[in-house]
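Read through the structures below before going on.
Same chain, two partners: chain A is paired with chain B first, then with chain C.
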Partner chain A sequence: MRDVLFYLLCAVMLGFAVIAVTSRNLFRAVLAFAGVILGTVILFFALGAEMTALAQILVYIGGVMIFVLYAVFLTSGEEVGMPKPSVAKIIFALIVAAIPLSLIAGLALRAGCTFPVAGEALQSPIASLESIGLRLLNPGADGFLVPFELISVLLLAAMVGAIAIATREKEAETADGILTEKQEDAS
Partner chain B sequence: MIDLTVTHPIGDRIREVLPPLPAALANGALAVASLALLVTVMAILLVWLERKVCARFQARLGPTRVGPFGLLQPIADALKLLMKENLRPTATDMVAYYLAPLLPITGSFLVLTVIPFDHNLQVANPGAGVVFVIAASGLGILGTLIGGWGSNNKYALLGSMRSGAQLFSYELSMVLCMLLVVMAAGSASLREIVLSQQGTVLDWWIFKLPGAGFAAFLLFLISSTAELNRGPLDLSEAEQELTGGFHTEYAGMSFSMFFLAEFVNMFAAAALGSTFFLGGFLAPQIGVHAVDAVLSFVPGVIWFGLKSGFLIFLYMWFRWTFPRLRIDHLLALEWKFLLPVSMGNLLLGATLVTFGLLLP
Partner chain C sequence: MSTPFSTPFLSAFLPDLALLVLALVVLTTEIVFRKHQARWTARVAVAGLAAVLILLAALPLPSGGVAYAGYQVTRSVVVWKQLFALATLATILLSRSYFRNGHSLRGALANPGAFYGLLLFSTTGMFALVSARDLLTFYIGLELATLPLYALTALQPRNAGSIEAGSKYMLMGAFASALSLFGISFLYGAAGSLGFDALAKVASAQPSLSAQPFLLAGVLMLLGSLGFKLAMVPFQMWAPDVYEGAPTAVTAFLSTGSKAAAVAATTTLFLGPLNLPRIDLGAIFALAAVLSLLAGTLGAMRQSNLRRFIAYSSIAQAGYMLMAFTGGEGSEAAARIALQYNLLVYGTASFALFFVVSLVGRSAPETIPSLRGLSARSPALAALLALSLFSLIGIPPLAGFLGKFLLFAVAARNGHYTLIFIGALAVALSFYYYMRLLKEAYQPVQTAENRGAPASAVPLSPIRLSLAGKCAAALLAILLVVLGTCPGMLNFIASR
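After this line comes the complex of A and B, so read on.
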C-alpha cells in the first residue's frame, strides 16, 4: 500500500518537474514547480519528518513561490511565453543535468539501495519540533548554536542590502505622496 | 506514521471493531465529513450574521423575509450562486483560473483539522500544530496571487499584488503573537496550549501574562484582520477602488469558493484566537466552587463556540466601523508599528516567563 502510494507520488512529482522545465509559459512552469514542492512535502510527511515538511511548506510555498510569482508578475508583460530553445542549448542542458544525476545514481548504487524504509524512519524522534529547537540552541558538541547565529547574521546582511537597494535618493521623496507608495511596493 | 491520534468515543469504537487500516480510513472519512459539514453550516451562519450585524451597524434590519429572522437568506444566496453560469473570460489562463479558488479553501480546511473543539474533538493533534497552522495559511496567499494573475485583468493583478505584500507582512506580527503563547505554554501543540490554561479565567494567557498577554491579543486581532482580508484592512479586494480585486473576474461557483474561504478563514482565525488567548474549550471558571460546577457542566464545544463567536463579532464590528486604510499606511502600520511592538512584547513575555512573574 505504502509502496504504491510512494511510486504514485514520485510519478506525479516527476510529471510536474517535466512540466516545470519544458513549459514555455513561465507562469505555468512556476505552478508546476509548486506542485513538485508539495510532492516533496508529502514525502517528508510520509517519512515522519513532520518539522521538515512544515518548514518546506513555510519556506517554499509561503515564501519562495510568492517571490518567484512576484518576479514573474513584475518582469513579464503581455507575453509570458518564452522562445523555443535551440538544439545546442537542449544538448548542453541535458549534459549539465546528467552529471548530478549520475553522481546521485552512483551514490545510491554504492549504498546498495539500503535506504531506511518508510516505516523504520518513523520511529526516530529526532525530527520533532522540540528536538530540532533544542539542538539549534545547544552550544554543546551536538548543538548548532553557532551556525544558527551565523545564519541570522547572513539574513541581517541580506536585509540591509535589500533596504539599501530599495531606498531612493532623498530629493525623490515627497512627504507622504505617491512616491512613498511606490517605494513601499518595491520593497 | 507520526502518532496524531486523538481519542474520541466514536473513533475508539471504530478502532475496536475494525482492523487498523479500514479503521483509519473510516475515521478519516468521518473526520472529513464532519469538517465539511461544519464548514458548510459555519459559512451559512456567518453570511447571515455578517448581513445582520452590518445592517444593525447601519441602522437597517438586514434580511427578514426568507425564513424566521431571515435565517434562510444565505441558503437562497448559495442557491443563486450555484445556479449562476461559471463564466471564464477567454483571455484568462485556464489552469490558474480554476486552480486559484481551490487553494484558499484548502488552506482554511487544513487549519480546521488541528483545532481542538473539545477535549476529544480534534481531527489530528500534531506536535507542531502552530507551525502547521502557519504553513497551511500560506496556501491562501498563493491562491490569491494565482487568481489575480490568472484573471488577466489589471484590477485583479493590482489586488493580488497588494494582497501578497499585505498578507506577507502581517503574517510576521501574527506569528510573533502566537510565539509568545507557545513560549509561555511550553508547547506548540494546540491541544497542549489549551490545556496549559486550565484553572480560572485568570489562567487564560490573555490575563496570565500581565500586560503582555493582552497586548498580544490586541496585536493578534489586528494582524489577523489583515490576514483575513477583511475591512478595514481589505486592500486586496477593496470593492470601491479595485472592483473586487483579485476575484473581479470570478463568477458562480469559483467566486463562491473564494467567498466561502473568506468566511471559513474568519471562523478559523477566531478559533485560533480563542485557543491561544481565551482558553479554547475550557469553561470560564471564576474560582467559586458552586458556579464552577455549573459552568463546567456545559460541554466544552459550546464554550468554544461562544468564545469564537465573540471574536467573530469583534471582526465584524471592526469591518463596519473603521474606514479602509491606504496601502502605504497599511504597510507602514505593520512595519513601523505592529512588528516592533510585537517584538518588544515577545521580549517582555520572555522576561515574565523567565522570572515567573505570572498571575498566580
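After this line comes the complex of A and C, so read on.
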C-alpha cells in the first residue's frame, strides 16, 4: 500500500514537472511547479521529516512561489503566453538537464541504491523539530550557536542592502539637486 | 572548549564581536551626524577598524587556539582576519572621495551608512568564514561575506551599468551558493556530520575518492562554487562585467578583500579537512590554474577599459594562487604562508593601482588611454603606478617577485614543472599587458603647441594630491619595496 502510494505520488509529481516545463502559459507553469513542491512536502511528511516538510512549505510555497508569481505578473502583464522555443534551445536544455541527472543517477548506481549513512546520522535517521532547535542553540562543540546567530546578521545585511538599493535614487537626486544649485551659485 | 567570558574566549572572540558592533554603529552614524555624514561615517569606520586590527594583534592567544561552538581561532586564522581588516580599511580610505560630487565621472555615491555598514558586514562574514569548524558556519560565513557585495555593486546612483552588474553578480552568486549547498549535503551524507573533524576522518579513509562517490561529488561541487568566488576558469565570466559596473571602491574590494576571502575559504577546506582529496585531485587544480592563467592573460591583452583590464589580471592572479593547491602532502604550511603573503602583496599593489585609477578617473573615463601623460601631470603618481605594475609582474626586488616565487616553490615541491613553466610563460606575457599601462603613462604628450591643434580630449592639468593622498601614496610605495626586500619583518609582526 505504502509503495503504491509512493509511486502514485511520484507519477503525479513527474506529471506536474512535465507541465511546468512544457506549458506555454507562464501562470500555469508556475502553478504546476507549486504542485511539484507540494508533492515533495508530502514525501517528506511520509518519511517523518516534519521539519524539512515545514521548511519546504514555508520557504518554497510561502516565499519562492509568491515571488515567482509576482515576477510573472509584474513583467508580463496581460500576455502570459511564451513563444515556442527553437529546436536548438530544446537540445541545449536537454544537454544541460542531462548533466546533473547523469551525475545523480551515476552516484545512485555506484552506491548500489543505498545511502551510506555514517556516524550520528545512523543513530537518529531523522531529527525531530525539538532536537534541531536544541542543537541550533547548543554552545557546545557539536552545537550550531554561532551560525544560528550569524544568520540574523545575514538577514540584517540583506535588509540593509535591499533598502539601500531601493532608496538610493531619491537621495541621490536631492543631493545632486542641492549641489548643482550650489555650483550654479558659484558660477 | 572554553566557557564564555573566560580570558581565552574573550581574546578569540573580541575582534569579531567588535567588528560586528562597529558595523551596527556605522549603520546608525547617519542619525547622529546631520552634516558631513559621509565624512563622519568613514571616520568612525576607520577608527573602529584600527581598533579591531589592534585587538587582533595585541590579544594573547593560546598556542593551540581557542574553539567554541563550531568556531575556532588559531594563529593562522588571526593572520587571515588581519588581511581582511586591512583590505576593508584601505577600501574605506579609497572610497571617501567618491561621496563628494565631482570626484568621479560616474557620479557620486549616496548612503554612506549603508555603504560602510555593508562593507563591514561582509568583513564580519569573512571573519566567520576562516574561523569555521563545521560546514554550516562555513556556508553562512561565505554567504555573509558575499551577499553585501551584491548590494554594494548595485549602489552607484543612476548608473545602469552598476545595477546590471549587481544583478549579474547576484544571479551568478546564487547559482554558486546553491552549488555549494548541494555539495555540502553530499559531504554530510558521506561524513554523517557537518563537523570538519568527521569530514577529515572520512576524507582520509583509504581508498579515498574513488570508493566514495558522495565525497567526490561534494568535493567537486564545493570546488566549483569556490571557483566562482575565486574567478577561476571556467567560472570567471562574471568578473569583467561586475568589475566594470561596480563603484570603484567596491571593485577594489572585490579584487582584494573578496579575493582574499575566496582564497581563505579554499584554504580552510582544501588545506584543512579536505586535504587528501585535494592531493588526489591535484590535476584538476593544476588544470584550473593553467586555464585561469591563459584566460586572464589573453583577456587582459585586449582590454582598453581599466576595470576590465584589472578583472582579467585578477583572473590570472587567481591562476597563480591556485598553483599553491597543487602541492603534495606536507606542503600545507608552506602553501598557506605563500598564499597569505601573496594576497598581502597583491592587495598592496592593487590598491596602489586603484589609487591611481581613482585620481585619473576624476576628470577622464577609466580607460588605458586616459593614463596618457600621467608622468607629466604627476611624476610621483606615475612612479607609484610603475612600482605597482612592476610588483604585479613580479620583478625583483619588489614584493610581487617573492610572492610568485613562494607559489612556484610550493608547486615545485610536487614536481609540477610543466605548470611552473606555464606560470613563467604567463609572467613573461604579463610584461606585455602591464607595460601597456606604463607606456601610456610615460609617453610624451603631443601638445597643442607643437601640433597646432587640440591634442586630445584628455585633460592634462597637473594632478595635485592632498596631504592624506601624499601619505597614502608614500605608504603604498614604501610597502611595495619593504615587503619585497625584508619580508622577515612580517614574521616579527606576526610573532609579536
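Following the convention adopted for this analysis, the second predicted complex is superposed on the first by the 155 of 187 C-alpha atoms of A that agree within 3 Å, B and C clash if a C-alpha of one lies under 4 Å from a C-alpha of the other, contacts with A are read in each partner's own complex, and residues count from 1 in each chain.
FYI, a contact is a pair of C-beta atoms (placed from the backbone, for glycine too) under 8 Å apart; a residue touches a chain by one contact, two chains touch by 3 or more.
For clarity, every value in this text was computed on a predicted model and none was experimentally measured.
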Larger residue footprint on chain A, choosing between chain B and chain C, goes to C
| said: Let me test your reading of the model: by the given contact rule, A:167 touches which partner, first (chain B), second (chain C), both or neither? | reply: second
Please work out whether A:31 is in contact with chain B alone, chain C alone, both, or neither, and reply first, second, both or neither.
-> first
Notebook entry, point to check: After superposition on the shared chain, which partner residues are touched by A:143: those of chain B (first), chain C (second), both, or neither?
Noted result: second
Exercise. With the two structures laid over each other on chain A, which partner does A:158 touch: chain B (first), chain C (second), both, or neither?
Worked result: second
Query = Of the partners chain B and chain C, which touch A:94 in the superposed model: first, second, both, neither?
reply = neither
Check your understanding: For A:106, is the partner it touches chain B (first), chain C (second), both, or none of the two (neither)?
Key -> second
On chain A, the footprints of chain B and chain C overlap at residues 122, 176
Residue set of chain B touching chain A in the complex reads 1-2, 21, 93, 95-96, 99, 126-128, 131-132, 134-136, 138-139, 141-142, 145-146, 149, 157, 161, 164-165, 168, 171, 188, 326-328, 331-332
In the complex, the residues of chain A that touch chain B are 1, 25, 27-28, 31, 34, 45, 48, 50-51, 54-55, 57-58, 61-63, 65-66, 69-70, 72-73, 122, 128-130, 176, 180-181, 184-185
Chain C contacts chain A in the complex at 1, 4, 20, 27, 67-71, 101, 107-108, 110-111, 114-115, 117-118, 121-122, 124-125, 128, 134, 136-137, 139-141, 143-144, 147-148, 150-152, 154-155, 157-158, 166, 188-195, 198, 202, 213-214, 217
Given the complex, residues on chain A that touch chain C span 103, 106-107, 110-111, 115-122, 138-147, 150-151, 153-154, 156-158, 160-165, 167-169, 171-172, 175-176, 179
